[in-house]
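One chain, subunit A, appears in both complexes that follow, with subunit B as partner in the first and subunit C in the second.
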Partner chain A sequence: MSLSSLVPLIGVSDVVIGLSLGSRLFLIAVGLSLIFGVLGVLNFAHGGFYMLGAYVTLAVVTNVVDNFWVAAVVGALAVGVVGAAIEFSAIRPLYERVDADLDQLIVTFGFVLIIHETVRFIWGSGSYSVEPPAVFDYSVALGGSSFGAYRLVVIGLAVAVLVTLWLFITRTYFGSLVRGTSSDREMASMLGVDVPRLYTIVFFLGSMLAGLGGALSSPLQSTSPALGDQVIIDAFIVVVIGGLGSISGAFVGAMLIGMMQSLGPQFISAGSIAIPFLAMVIVLLFRPEGLFGGIGE
Partner chain B sequence: MSATTDTGDRIREFGAAVTDGWTRERFGLLGALGLVLLAFGPSFQVYLFTDFLVVALFALGFNLLYGYTGLLSFGHGLFYAGGAYGIAIVLRDLGPVFADVVGSGISPLVTFVVGGVVGLALVVVVAVPVGWLSVRLEEIYFALITLAFGMLGYSLIIQDPAGLTNGTDGIIVLLGSVDVGGSSFRISARRTYYALTVVVVLAATYGVWRVVNSPFGTVCKAIRESPDRASALGIDVRHHRWMTFILSAAVVGIAGVLRAGLASVASPGLTHWSTSAIAVIATVIGGATYFSGPIVGAFVFLYIRWGISRFPTLEAYWELFFGALLIAVVLYFKQGTVGGLLLLRDRLLGDDDASADGDRRSGGGEASGSTDDTRPDGGDTS
Partner chain C sequence: METSDTNAGNNRNQTGSAEVNPESGSVVGRRRFLQTAGAGAAVAVAGCSGGGGDDGPVRLGATYILSGFASLYGEAAERGIEMATTEINDDGGIDGRDVEVITRDTEASADTAIQQMRSLVEEDNVHGLFGLDSSGVAQAVAPQAAQLQMPFMITHAATSFVTSPEGEHEDSVGNDYVFRDSNNITQNVYGAARVASELDATEWATIGPDYAFGYETWDYFQDFCTGLGVDAEFTAEQFPPLATGDYTPYISSILDAEPDAVITPLWGADLTTFIGQAEEAGWFDQIDNTLFSVGMGTDLASDGNPLPEGEYSSTRYDPFVPDSEANNTFRDAYHEEHGTLPTYNAEGAYRAVYLYKKAIESAGGTDPDALRDAFSGMEHSGPVGDYRFSETNQATVSSIWGTVSYDEKWESNVLDPVNRYEVTPDELAEALGDSDLPTGV
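Presenting the complex of A and B:
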């Protein structure tokens, strides 16, 4: 197959859809990467947090105020509070253990089960959809096919989250404490940083980002109790490819996987869903620090 | 001549040990009796216990790696499915061929045995390279790479590029009937399959027990306690972990073969990480540092789930309970159920008896606790 016959297959709308899928993946994964980078905790419940954000947004939109943005903020904050409570009660006692990493993974897996069942208990097993804000509820036609305008909004929001987080970590005083603690916890502690408090705050932030991701992505997906289990695997793929703990890496990794999901099926039919996992294995073996940047960037 | 006297002596020794208080032999005899009695129990209980035995072997294989070398795999579903698909494919594609060769009377049995061996071989063939690559990593990274391998297998089974696995539907497993000398029995009949499972699981468990208590097993425990120190003593840590990985996968593969027969289907869900997680849950709840931990954990897992299912309002939310239990065990009581049972026994019997028992289990250390293996079995039937 010559190159010229391939090029027309890639439409502008495919690229936009790929970027919006990538943006959604970034919103799922960025909090996971932040928490791992600072606390060294791989939070298995992160997908559950994301799902919880979508559900709370849904509940607020349907029951309290019919404003998507307010609901999204409420969803993000609620999940942040849940995350902080979990960190404080169940993860904090484990930092000093010899096999802390695995114990934390198992404990957060316990919360996967709890969140899944709680969501099912409150909202049932059915799937819901959330309408995008009315202003963006129209289709954009480009190059022969079309996509929802809200996809462009999600791309913009993902970039905004990336920039805000980057500024927060590199330009603020608290950000410097986070970076310092991330690179040497004992040293930071000796210099007077209240490490346990900082950990809880970072866990709050990371969980809030998961909730925000779930809230903002809710118009692009159907929200059901299976959502958490689906997205946590995507999040693992993204943070491994981008580098565990790297925020910019999470962005690049998310965009790569998003474009792969959008454009891949046009080139490979058999085994296409296996490719991200193959990529994950290869990155873990040959560049366990991720393709882009090291820890803490 | 001397052989018969040996056997006679052994039987007499065994008899003496059984009558000599609550010894390991007495527990063993009661456990065996319980297993036999259970075969005559209600049909559903036979099924549930068979299910427990299969999950116990799955968790036991998983814990060979986690409990004995400290590597937490989230991808052992790959090997569980490997065994299941191995036997399913043999039954589907080669069943008629065997019928032609050995006659239709015993061909289902022959096919089952060959299928089991093929399933096991398939698992080993997959585990050798997957293990070799995975043991290069440790801790979280090991958990992630095994998760990735498991999901890679899941994707391939679902998309089925080679046309072998029948996609999302999986492969139906029909074990068939054996006709010998006029009498006929179905292999998949609950009580027949139960007997088969008991024999296979006991044999496999004994095999694992021997490995764990061999010099190889001692090295594994040394690696779990401190990989660095083991390495400093001249142990090739990576090589040992690789060998343990293969062995662990093989045990899980046997459980997978049994699972396929029990469920009558080899389904892609077996490879999914949520299936791998069942081994994690059972092992942690039971107590990963004990040989019997995963077995007792599987027992707790299946029977509590069954107990919850008796209450219609709670039935749908049994995962909630195990999530909470998992968190509580990791946070407050890492020794798990077996640790709890041992503690309870020491409390009830007093310290003297406990230390004497400790002596008898000479050197087994915390990873043994063999007397407790038979306890839930015996307890269940009474």
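Presenting the complex of A and C:
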């Protein structure tokens, strides 16, 4: 047996791949975290939104206009609209209930199935691939192995989303309303904040980010109806590790999980997908509030 | 027989009432009901030769993956079934009876497959079963066929343990009712080791799905290489879960180990995804040889990411070899109808219907035990060539490996040149050397 099989080699490409996996996770987890932080809704359908974003992008790019960026924006916005419609019609009526948490959980889980089956009905259960935009459709060779240049774009966009979102929440008037409502909904309402409208907008924003995640990830993975099921578990782990409601926590958590997913196979040949679960258990045991906490952190 | 039918009828009624009962109307409730009620109905139904007696159409039940990452396998099988039933019915049927095939989706899940086969036997009163695409599913289904006392002709799932008699190895589940008309992992991987012996590659790795099939392929490959005296070291292995959307971390890990060659039993959409991402990572520039142990079954049926030319692939059936009338007719008819070359899954399913025809004609009816006896040791010929069923009910088909090349005339990847490794059960056992793995032949 050669030495190289005994000592895992961590190359530049492993790090880039890990960061790109983390970026994808961040885009879905940050929306999940935002919605929970402000509305208190644990949105199970978030994985479905992510998947839908990938499918809408696929549909636009193959049927309407052969431009990935246009398709990705359409995908993100379409998912945002779907999310807002779901919040408005099915989740809003539940806020005042005694068992609101449980009812919301069940309703959003119902939408997991609805989205899944609708997608299966329209696109079938097979898997599709989306080409990365032509400008970035080449491989970068670094340190012996290579990776698609598009991965760097995804990492860059995730950082851009982090910064924009952070500025939006901390520096804008609407951001202050979001923060205020998140810490005391009744007080905000009494001070004249249109809370239901704000909730729908935040849900739109969170869903749109999931859709954007799905859209931007579509060239990196195969698009199939199972896409959302896989990613929602990881997103929950990210949110638990980062701290529910925290934007920077979601970023750090996502990057940690992304690196674990990338480097895990270097150490064990099967079952590396369990490593993030272990990390979550450790965080829950020693720092149950997560690494970060609260909107705007 | 009268009593049996009445019992089966009662059981169906109970199923009906369970469905309207709100408390057991859920999927879980119905599943559990089917599982428990199944045992009773099985005894009632399996005793007689099916509800329709010997006059109505011959009904066969088929279970394939029709949804999810490997749906293209089930779709190819359906095409083969459609061709066989049409041909047989246009030609006077089976002893004058039409043949019908009811196809069900296993969803690549053992639980679903078992429910479907029980439902086919108990509710649709089929006379025989065939199908299966997944080794993991086959492993779970094989004992059920014996319990239901219903012959099961496996046409694709390759685990050698279902044609290895119970007791031969701790995982062996072979029994009198389970047969296979396509090649198994042992036969398939024997050919891979022969390919390996001719390559200038010493460090080998694998990337395979995280279930029986992935691990068995790698285990057999290592033991055959050792048994055949191939100069090989086994330096890296990765077993990502089924339906992984992003193989990049696994690919990267294999590339970091810098093997000379890799054998991969990835299949279905997983294989298509893998090839795209492997190309992006520079896999085919860095690794001298990649052996796709089930590559052609995916390649011919899939739209995207074909197998790269010059790499090695196996198939369980080749559309051009043997150059026989049966094969040429089947291939041309299939190509004309569907615009692609037939996959081994289409051929395996096609042949299964003909195998039932031959068994029913020789048994003089559809009694399950008589069919089982008819299949036992049967000699048969189809597009794949001539073969017989071994003592363990495994078809003695050859191992087919070749170089992937694009054929302009067929506008498709083909294996050219292609090698058929004809090997007897004894030779297989000898080639496995000291291995404790069964040949399953």
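Everything below uses one rule, namely that the second predicted complex is superposed on the first by the 279 of 297 C-alpha atoms of A that agree within 3 Å, B and C clash if a C-alpha of one lies under 4 Å from a C-alpha of the other, contacts with A are read in each partner's own complex, and residues count from 1 in each chain.
By our rule, a residue touches a chain if its C-beta (ideal position, glycine included) is under 8 Å from a C-beta of that chain, and two chains touch if they have at least 3 such contacts.
Note that the structure is predicted; figures quoted are calculated from it, not measured.
After overlaying the two complexes on the shared chain, residue contacts for A:Ile241 are found with neither subunit B nor subunit C.
When the two structures are aligned on the shared chain, A:Ile273 is found in touch with subunit B and with subunit C. Looking at the shared chain after the overlay, A:Leu165 reaches neither subunit B nor subunit C.
In the overlay built on the shared chain, the residue A:Leu58 is in contact with neither subunit B nor subunit C. By the touch criterion defined above, A:Val38 reaches neither subunit B nor subunit C. Looking at the shared chain after the overlay, A:Leu227 reaches subunit C, while subunit B stays out of its contact range.
Of the two partner chains placed by the overlay, only subunit C lies in contact with A:Ser129; subunit B stays clear of it.
When the two complexes are overlaid on their common chain A, residue A:Val178 makes contact with neither subunit B nor subunit C. The residues of subunit A shared by its contacts with subunit B and with subunit C are 120, 270-273.
Touching subunit A in their complex are the following residues of subunit C: 67-69, 71-72, 203, 210, 233, 235-241, 243, 245-246, 248-250, 252-253, 255-258, 269, 272-273, 276, 280-282, 286, 304-305. Partner subunit B is touched in their complex by these residues of subunit A: 42, 90, 93-94, 99, 101-103, 105-107, 109-114, 116-118, 120-121, 229, 233, 236-237, 240, 244, 270-274, 277-278, 280-281, 284-285, 288. On the subunit B side of its complex with subunit A, the touching residues are 70, 72, 133, 136-137, 139-141, 143-145, 147-149, 151-152, 155-156, 158-159, 161, 273-274, 277, 280, 284, 316-317, 319-320, 322-327, 330-331. The touching residues of subunit A, counted against subunit C in their complex, run 1-2, 4-5, 8-9, 11, 13-14, 17-18, 21, 120, 124-129, 139, 141, 144-148, 220-224, 226-227, 230, 261-266, 269-273.
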